[in-house]
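Every chain is named by a letter (A, B, C and D) in the order it is written, and numbering of its residues begins at 1.
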Amino acid sequence: MSAVVFARHAMTPAERLRDAAWVAFVGLVLGIPMVGLTTVDAGGRLGVETRFGLLAAVVAAVFGGRLLLRWAIDQARNRKLERERASTATAADRASGALKLVNFLGWVALGTAITLPILFSDNRYVVDTATTVLIYVMLGWGLNVVVGLAGLLDLGYVAFYAVGAYSYALLSTQFGWSFWEALPVSGALAASFGILLGYPILRLRGDYLAIVTLGFGEIIRIILVNWTEFSGGPNGISSIPRPSFFGLDFTRSPAEGEQSFAGFFGLEFSPMHRLIFLYYLILVLALLTHAFVSRLRKLPVGRAWEALREDEIACQAMGMNTTHIKLSAFAIGAMLGGFGGVFFAARQGFISPESFVFTESAIILAIVVLGGMGSQMGVVLAATLLVLIPEFGRGLAEYRMLLFGLAMVLIMVWRPGGLLAHREPTLRLKPLQQSAPAKEAAR
Amino acid sequence: MAYALQQLINGLTLGSMYGLIAIGYTMVYGIIGMINFAHGDIFMVSAFIAVTAFTILAAADVTSIPLALTFVLIVSIFFTSAYGWAVERTAYRPLRGSSRLAPLISAIGMSIFLQNTVQLTQGARVKPIPPVLEGGVVLWDAPGFAVQIGWSQILIIVTTVILMSAFTWMITQTPFGRQQRACEQDRKMAALLGVNVDRTISYTFMLGAALAAVAGVMVTVYYGVVDFFIGFLAGIKAFTAAVLGGIGSLPGAMLGGLLIGLIESFWSAYLWAEYKDVATFGILCLVLILRPSGLLGRPEVEKV
Amino acid sequence: MNTPATTTLLSVRQLTMRFGGLTAIDDLSLEVPAGKITGIIGPNGAGKTTLFNCLTGFYKPTTGSLRLNHPRHGEIRLETLPSHRVARDAQVVRTFQNIRLFPKMTVLENLIVAQHNVLQRASKFSIAGLFNLPGYRRAEAESIARAATWLRRLGLEQLADHAAGELPYGIQRRIEIARALCVDPLLLCLDEPAAGLNPRESAELNDLLLYLSGELGLSILLIEHDMSVVMRVSDHIGVISYGRKIAEGTPEQVKNDPQVIKAYLGEDDDEDDSEQRTHAVAGGANP
Amino acid sequence: MKKTLLATAVLTLGGFSGAALADLTVAIAGPMTGQYASAGDQIRRGAEMAIADINARGGVLGEKLKLEIGDDACDPKQAVSVANTMVNKNIVFMHGHWCSSSTIPASDVYVESDILMATVSTNPQVTERGLKNVFRIMGRDDQQGLVAGNYIADAFKGKKVAVVDDKSAYGKGLADEIAKAMEAKGAKPTLRESITAGEKDYSGIVTKLKQAGVEVMAYGGYHTEVALLLRQAKAAGLELTVMGGDTMTNSELVTAAGDAADNVLFTFSPDARKNPDAAPIVEKFRAAKIEPEGYVLYAYAAMQLFEQAATTAKSTKYTALEKAMRDGSFKTVIGELSFDAKGDQKAPGFVVYRWQGGKYDYVK
């Protein structure tokens, strides 16, 4: 265990070379079966093809890359050490620094979020991608309550997402409910599913809980696939109505006796109106969610979630009913996931079970953990990253998902606590601003 | 009756394979308490290595089946262990001591990475090999239905039994097994007592990968077709098996694997095949509600 | 709180706790008077912590009863309640031998969490809290004031906004006691509060305990491995060994009891074994 | 900060296509990566060849064509993203998507932005939703299922038939239609089962078929599972004939199933390779070492369709183009194409094929 980082001596060039050679050798061993050899279809049978040139290039790249990486890590470490030695910052200073950073990020994010559709008012792709980011932010915030705050590992979060999406889709296509009528009902349904799932498995700890939630997610998906009469089965549900602007539809040619959004405001019809409206709609609801969750965190129930994550037994000894606390976390998390599902259905206009697979749960969980457990801003940061990496990668075709996986590993290794690991206390005895001058006086 | 017997054989074969992969999960969980989500993909890598090895042998006109199998097993175990080692070294070791979710996410990332690497380097198309072990024995020629067991099925079940015994012996009797168990119980204490914890963990990953490699070769022999996506479902099922049996327990993993194989087999034989995964997960939930630590898991009473 | 000194607060009657084949507590009976400090001593593995676990609802005793004479609710049978109700309704609050704080939360938050039930009621299913209604604001202010009072009394005020898990061991012990006090206990059960403390901290602890019982009339049940601490503060002491009560009385009486001397000096090795067994049954390694 | 990143991303990734807009942009979309990447590959090769040929002829209405390729990996969510990217790139015509579950949500985006699309997705829902911009140059599952079901009922009279699907939108749709057609002819399937695509062990279902004495399996789904089913049936001593849909055109089936592939029948549009008019183009593909199987010629035909519709309409504007497409009839490499009011191909015509020695041909 190399915990004693500061005692590491500087590596000599020979050591560096030996280290890189060893890594290159490992690369060679790993590369032989995957890069060096491959099987190709040779007229109905497989034949082996060798690509030793490519393998050599890969090994050389690994060698060079390792030298560079090692050097870069050492540099970064030294700089960090020096900075730590030089600075006299106290924990309180660092905390207020982190707080300032988070606040700054938050304002920047809010600013860009609001101005984005104005800047890109005729760019579908940007607005739509931003909408996707917002949906994932919502999902991240929902799961953050369950995993980040209450510490209950949920690998089947996609189930609630699916419940929300299907509730909206069914209520609107079968019963003609509007978006605004269906939204709260879908959220409530998702929340009840959260309680339904939560109740029988409260006794389970940690990873047992994880596998059962994973199973629950799969069960919901399998039922959606097979119960054709109810959910449309694998065909899914199409032609889901889009939210209207206080009763005004976003159509080019409104139905008899009705007015469209563009007609009412005397604008020329543009499909962007609907997109931008949906974006702002989700943004407003996301901000409400943010306010809601941030406030909850500062309430007894929020602190109870965090206490539960920290030590369940101590919670019981404090007279807290852990059953209720867990269920409330599950319910609130599920409800937010359900809202996310509604937005997803409204964005797509079409849903099918394919969109609610385990990978989706894994990505939402990754958003929470990469962001820094329990950190609302972290979720925003991580959701943006995880949605944008594959989008950026569209130019890279096959390398896209490979880089996505690699990025997840690297971010985790680089910052095991998540991107924004700082935890801001829910209340302070002395506000931060007051402690600074007091320290000045003490010097 | 004959039908049930045939389904039993099918279930046992499938279960053996789940069991072999599940052991990898359970060992890693036992020693560092993390769900190694990339384990299913390690299994997938091993199946690709096996396909390549078989193809090389076919090109070299090797016709002796035992010789071919031995060669493929050795090659596959060697390279797959290297993958197991490398994955642990790069994606998990740096995260030791951080929250238990960090390695989980790293593992999910690793799983995506491995899948896409293989897709990129080996292609997205399915990789078939010609049947290696054809034929089998008719166990019971019941009227209207002949119960058959294929040579490859026999191979899988026998290999699994041998490996299980060897493993149990190794964990209970050898110095490595003792070190492994020591690390499981208390890593810090084991380190203080002179156990090289890092190395023991590395070996555990390599062993888990080696078992996955055996499973990979068996899958290649039995089904004859692999693709870069096989690791995902097999991984989920095997993980379920490990939990069902009680994660951390080797016989538990095997038992869990067999049970899941049998449940799937019999459920789809007599009930609705499309709900077979619902049955698997339903039974898992039920077992966990009644026995929160799985079938053979040590009951985990947290000391107050 | 001003109950007469003679009232019995808690009576343990013929309590037995078996884990499989091992009997951790064997037919134990004990009376805990109100407003006093009762010490429970005994060698390692004698069953002291098991007694606490039975008392606070973490274990269900095999047989026997634990009757609490609650001034408002009358007699409460503790063995029938789940652990959170023992703390909430019976107001029997405990600390842990291996400290169990909420490490990432600040000291103040730890103390506020301890007042969860009061605050939760005031927040009216979080609705009053969400809109920050006056009723909730008042309750929150009161809870902070209450926490601040205890922090001041225990000299922890300066550390209020620090993460509890990052503080030194001795301070964490004090925080745990402060947190238990915030639950508003009728009976405070302290599990080896002096373990790991230096002599100065130990002395401070003694003062605190005497203050709590003397000035505030709080009833305290105290487990200590270390006789010297208990002797100084306890009004009444019960000695258990191998799950049985072997002596009871004032510190003076206990000190001179031959049985006690034998238990402490005579069979040390065996005791270690028995502790091992208890632990094995209770789940093995430290959590 | 993050959002500014997004903005720059879009700028660099060609979000603004205003700069170099001398050409006409057309697009294809489908699974270029993922499980079904080989289908995406076929589409890409066909389209690239078509674009090269059209440009060699001088382009469309004097403008050269530029091809954009979108990868949706058969994921509905990504399909919408791809569609939005394509809108940004001002495409005038889309050939795609491939999976029905991608085509459906993507078409909602295209219709809003006045983009015409010609797809090979076979799910009825694709054209049943009344979108004016969607044209289908392939038959529908219900037509395909009818042909397959009738064929089974006639050719395998008296034999026990199982209908199996893989629970995908495509597979289940097709299998349901086959079963319906069979029942209409009085041949009730002996078994109706589903499997999970992506698994490897189908011994359970194979044993079930064997127990029921099934000789013919009508299968709705993709070729990879068929290969496994056939291999495992063979190992279990079950002689099984499979009747599948258009996805069986993939030659991977032969590689994976070996000789057992000779037991596979499937329905597909009449083989364009047999079309005498198509001969030169087929030759051209083969000269470029591309076997024009599966969707290759469809992609080629889609581009021809666009070329001819635009020429007829003398415009690439949506309204004119849509009208031209709906009213006209077009000679393409896959034959004469014309569309009904829904946008479905008027005379799709499915034919039953059989694999034989690594090639497929009409059943005699």
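Here, contacts are C-beta pairs under 8 Å (C-beta built on N, C-alpha and C of every residue); 3 or more make two chains touch, one makes a residue touch a chain.
Just so we're on the same page, UniProt names per chain: A = ABC transporter permease; B = Branched-chain amino acid transporter permease subunit LivH; C = Branched-chain amino acid ABC transporter ATP-binding protein; D = ABC transporter.
For clarity, every value in this text was computed on a predicted model and none was experimentally measured.
Undergrad: With chain centres defined as mean CA positions, report which chain is farthest from chain C.
TA: Result for max centroid distance from chain C is chain D.
Undergrad: When you average C-alpha coordinates per chain, which one falls nearest the overall C-alpha average? Tell me, please.
TA: A
Undergrad: Once you find the CA centre of chain A (ABC transporter permease) and the CA centre of chain C, what distance in Å lies between them?
TA: One centre to the other, that is 42 Å.
Undergrad: Would you mind pulling out the distance in Å between where the CA atoms of chain B average out and where those of chain C do?
TA: 47
Undergrad: Indicate the whole-number Å distance between the mean C-alpha point of chain C and the mean C-alpha point of chain D (ABC transporter).
TA: Centres of chain C and chain D (ABC transporter) (C-alpha means) sit 72 Å apart.
Undergrad: Just how far, in Å, is the C-alpha centre of chain D (ABC transporter) from the one of chain B?
TA: So the centroids are 36 Å from each other.
Undergrad: Please output the residue numbers of chain B that touch at least 2 other chains, ranges allowed.
TA: Answer for chain B, listing residues that touch two or more other chains: 119, 125, 128, 130, 274, 277, 300, 302, 304.
Undergrad: Quick one: which residues in chain A (ABC transporter permease) touch 2 or more of the other chains?
TA: Residues 41, 45-46, 225-226, 313, 398, 401 of chain A (ABC transporter permease) each touch two or more of the other chains.
Undergrad: Among the residues of chain D (ABC transporter), pick out those that touch two or more other chains and give their numbers.
TA: Within chain D (ABC transporter), residues 33, 167, 194, 252, 255, 258 contact more than one other chain.
Undergrad: So in the complex, the part of chain A (ABC transporter permease) that touches chain B is made up of which residues?
TA: Those in contact with chain B are residues 1, 3, 26, 29-30, 32-35, 37-41, 45-48, 147, 153, 200-201, 203-208, 210-212, 214-216, 218-219, 222-223, 225-226, 313, 358, 362, 365-366, 369-370, 373, 398-399, 401-402, 404-409, 412-413, 416-417.
Undergrad: Taking the complex as given, what residues does chain A (ABC transporter permease) use to touch chain D (ABC transporter)?
TA: 41, 43-46, 105, 108-109, 112-113, 116, 119-120, 123-126, 128-130, 132-133, 225-226, 228, 233-236, 238-239, 271, 274, 344, 347-352, 354-355, 380-381, 384-385, 388, 391-392, 394-395, 397-398, 400-401
Undergrad: Please give the residue numbers of chain D (ABC transporter) that touch chain B in the complex, ascending.
TA: Where chain D (ABC transporter) meets chain B, its residues are 33-35, 37-38, 167, 193-196, 198-201, 203-205, 207-208, 210-211, 213, 224, 227-228, 231-232, 235-237, 252, 255-258.
Undergrad: Considering the complex alone, what residue numbers of chain A (ABC transporter permease) touch chain C?
TA: These residues of chain A (ABC transporter permease) touch chain C: 91-92, 292, 295-296, 299-301, 303-304, 306-307, 310-311, 313-322, 423, 425-430.
Undergrad: Quick check on the complex: what are the chain D (ABC transporter) residues that touch chain A (ABC transporter permease)?
TA: Chain D (ABC transporter) reaches chain A (ABC transporter permease) through residues 1-7, 9-10, 13, 15-16, 32-33, 71, 74-77, 80-81, 84-85, 87-88, 100-101, 104-105, 108-109, 112-113, 123, 125, 129, 167-169, 171-173, 194, 252, 254-255, 258, 358.
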